[in-house]
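You will see two complexes here that share chain A, one where it goes with chain B and one where it goes with chain C.
Our next item is the complex of A and B:
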């Protein structure tokens, strides 16, 4: 029972950390309608950015805002140079473009900055918190709390003036243009915000497993999270994240010894498949009605 | 000038439906075919084995995938898994004592059946969701291959292909393996060019352009999509088997991972969706350009011209590959096939700038 409880809690916290990665995906999809498969690489780049700024000798709490500013700018640049030219192209082009960006970043960033894992010290104690028989990893705990806070902040953000514009843009590009909203700027801002979310995710994941190219592999669970929660739903990120995290920790916790390891990927794949088969738009997503 | 139109008049429907309407095109193809057939005579074994042979096989794979993505418009990000099924099935069938020729067909059928299950997702969703579903299936197939010892022979095992003969010719020497692969690729090419002219091909195109509209005019989307996945997976499965027997000859699950699927999609896109010549050019470009450029840079680095670290060099192929995908999508979304088409159109009327109309 304690084993189950421990798996449950650590799964939920890991899932919340997944939702940090997934949040960037949802922010971009919600406003631009672009599936950003480079979000994993963006998180990796953000992790490297945090490490780089810290390597100048700055305190981590100063480094993270600076890295956030860098990644905000990076998101703007990516949108301006790459994605804006893809407006109106079929989805395969956009998917492949973001995958190309993913591959490029996965090669370029470790290629230039070094591929050995870089440590990020957030000043979190590595000793677990012990409640009864249950061990809780402190990084995951803080990560989960930060994820909750960040998703809450994004929900509030969508209530502000800029956020309302972003919601309008997500509804309909042409109508937003008609009422005087700069669609380009709104989409640019959403990329920048995804960059900031990537910094938070990169710092937390980087502190728990080191910064190297493996951070970009977070894309796969993040995709499962957004598919399950609904690609255009911010609260869905939390629910989907917890579900993916819990299922992806509890089931392998019992099955790995039987089935020979790495059942986590299988669970994640099955979540994606079953969601798409049963309810393609996810738990909270909006169903698109297609017309001829 | 080079593609002379003068004197080329099609006076019957038969002539107008020819695959190559302009004589130059026909002679070009015949010339290329002869060059390809004679390649083992004038290409050094090193180049034949490590550049030309994989190019031919990956072109066949790209053709199989472009049937699905280019003609039928169904996105597939798990095609390497389909090829893995073909490769492993053929090896186990040959080991069980089935002749190679039949094993190839059977492995194709097995891939086709499992591939049609992939297609089940396409009946429900399209676009981004289809990408995700096929991606998930890629992971599932990978996991099954790795974790079922009966298939892969253990988690980190390498499965050697047994020695086989094709139509009583032993497939052992490099040249015979090359000719087998070339034969399959040419067969697929001829099939692909002709399938566009059949009712099946037209149904695929109708489904690609708008499946609801196709349903309205009487094309059954259910049947057509499943047929598309079935056909394409059959071709992909046999190509996987050819890849295993003619090129790798020792198969591990990593050779058919997710990255290979991405590479295949990149080949199809860089070449140009749904184009025959694009599949050949795209496969060659995606396969060879990173190798070529990396060799160039490491050569420059070795001679001290550009100071780059070993770490940078080892990541260079990835960078070139990613930059290539981005560059093509931004600058020429219709791919190498369109570039070739532009050049051809230019020379059709050269030295004039425009044709009539």
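Our next item is the complex of A and C:
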């Protein structure tokens, strides 16, 4: 029972850390209506940004807000140089563009800043929290708390004036233009916010494994999270994250040694496939019905 | 034929025979993965290789004005790109190739054998390629993963005993991660220990489920078999699950960068090493003096002497020694004469940077000697002598696997 509980808690916390990656995806989709396949590489780039600022001799807690500002600016630049040119183009081309950006960043950033894993020390104690025979990883615990806080902040943000404009832009670009909302600015802000979310994810995941290209591999579980939770739902990020984390930890915890291989990616793939087949808009996603 | 024409021909023949052989520029194709999977090692490893070749040219190691040139290209760990890079480098005259990528090496192996070009596969590629009778142009050069597993098991035996003990092998879920399986299977029967494998999904960002299970298995020793960022995650998660650092033993892919990522808790963790690390070695000191200080270094000076840098240096030291011996015959250096040069190498240790290696037509691994080192908080400190562990067993596994390959091809 203790083993099951430990897997459950560990999975939920890991899932919340996936939510940090998925949040950027949802922020962009909810605002710009664009599925951002570059979010994994954005997290990796953000991790590199934190490490780079720390390499200037700054404390990690100063480095993180500076990196957040850098990544917000990076998001604005991506919108200005890439996304704005895609206005009026088919969505599939925008998706391909973000995929191209993912591949570009994954090759270019380690190429320039070095491909060996870079350390980020957040000062989190190694010793786990022990309750009975259940060990709880402190990095995952703090990561989970930060994910909850960030998702809460995002929910509040979408209730603000700017957030409402972003939702309007997501609904209909032309109508937004018609009522005087700057669609370009709104999309730029959404990319900037995704950049900030990426910094938090990059710092936390980077502190656990070091910063290198493998951070971009977090895109896969993040995609599962947003598909399950709903691509346009901020609360869905939390629920989807917890479910993906729990299923991806508990099932392998019992099956891996029997199967003789890791089943986590199989579980994640099945979550994606079954969700699309059974409830394509996810648990909390909005179901758009179009009259043909 | 007129007298004058005879005289002219004779003069030309004599001149041709007596003229010194033109100096050769030996070309090595270092066609590696700089942008995809092996990036944790390639930069430093390739830097060591290039810096060593610069030293060779500065010191005239190959003699008679012969030089060596590295053709360096990125394959992105993609076999198709590797094949394209191989063909280009071959056209440019390369006779030795190092892909530092198991899939790329595997894709080119048959072609390189047919072309009679030497492929070195240090610390990657097929372990059974150590059998030179089946793979005449492939040189694993350093201990295979099988030899590494054997060395780590033997170290456990010598330091705490194996009878009745439990070993957990926590590995990346890939053919590389499963590589030690046959050795552990054979040794568990021979030495009376039990073991259990705990796989985790690639690339290893998250391993909590595996380590929760490992903790309940209550192992006496832990083997970690991964690479890159996943290795730091393994060590961290192991310690967070109550595994003592002293219990953790790693494959060769655990280096200074991983120690920096784990932090002070890494102290006591052990790993296999095929070459010494640090700058306190004659070759490394001469590289510092004649290459780095002369402004001819190929990368960040801070990497000089670290584990993967020195590994790169050692691979090229062996390759250049093979070229030197190949050139001794006075013939132009080709893949065939280079292979012959490799098979003349006996007791070569790169001035103490590595254990003495001897290659024969049968053994392309070089004996399979290595040692175990421990992270002391600042550097890797050797805790065993250079030696080959369970060599008969390793050779048996190599020959069985090579025979299987030969039967299928």
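Assume the second predicted complex is superposed on the first by the 290 of 292 C-alpha atoms of A that agree within 3 Å, B and C clash if a C-alpha of one lies under 4 Å from a C-alpha of the other, contacts with A are read in each partner's own complex, and residues count from 1 in each chain.
Keep in mind that, in the parts below, a residue touches a chain if its C-beta (ideal position, glycine included) is under 8 Å from a C-beta of that chain, and two chains touch if they have at least 3 such contacts.
The model shown is predicted, which means the values in this text are computed figures rather than measured ones.
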item: Touched partner set for A:35, first chain B, second chain C, both or neither; value: first
item: Which superposed partner A:270 touches (first chain B, second chain C, both, neither); value: first
item: Partner chain(s) touched by A:89 [first = chain B, second = chain C, both, neither]; value: first
item: First (chain B), second (chain C), both or neither touched by A:205; value: second
item: Contacts of A:253 with chain B and chain C, given as first, second, both or neither; value: second
item: Touched partner set for A:105, first chain B, second chain C, both or neither; value: first
item: Partner chain(s) touched by A:61 [first = chain B, second = chain C, both, neither]; value: neither
item: Which of chain B and chain C A:7 touches, first, second, both or neither; value: second
item: Overlap of chain C and chain B interfaces on chain A (superposed complexes); value: 106-107, 110-111, 114-115, 260-262, 265
item: Contact footprint of chain C on chain A as seen in their complex; value: 3, 6-7, 10-11, 14, 106-107, 110-111, 114-119, 121, 126-128, 135, 137-138, 140, 205, 208-210, 212-215, 217-218, 249-250, 252-253, 256-257, 260-262, 264-265
item: Complex contacts: residues of chain C adjacent to chain A; value: 34-36, 39-44, 76, 173, 196-206, 208-210, 212-213, 215-216, 228-230, 232-233, 236-237, 239-242, 257-258, 260-261, 263, 265, 300
item: In the complex with chain B, residue positions of chain A that touch it; value: 35, 82, 85-86, 89, 91-93, 95-97, 99-108, 110-112, 114-115, 220, 223, 227, 231, 259-263, 265-266, 268-270, 272-273, 276-277, 280, 290, 292
item: Of all residues in chain B, those that touch chain A in their complex; value: 69, 75, 121, 124-125, 127-129, 131-133, 135-137, 139-140, 143, 146-147, 155, 210, 212-213, 216, 262, 265-266, 269, 273, 311-312, 314-326, 329-330, 333
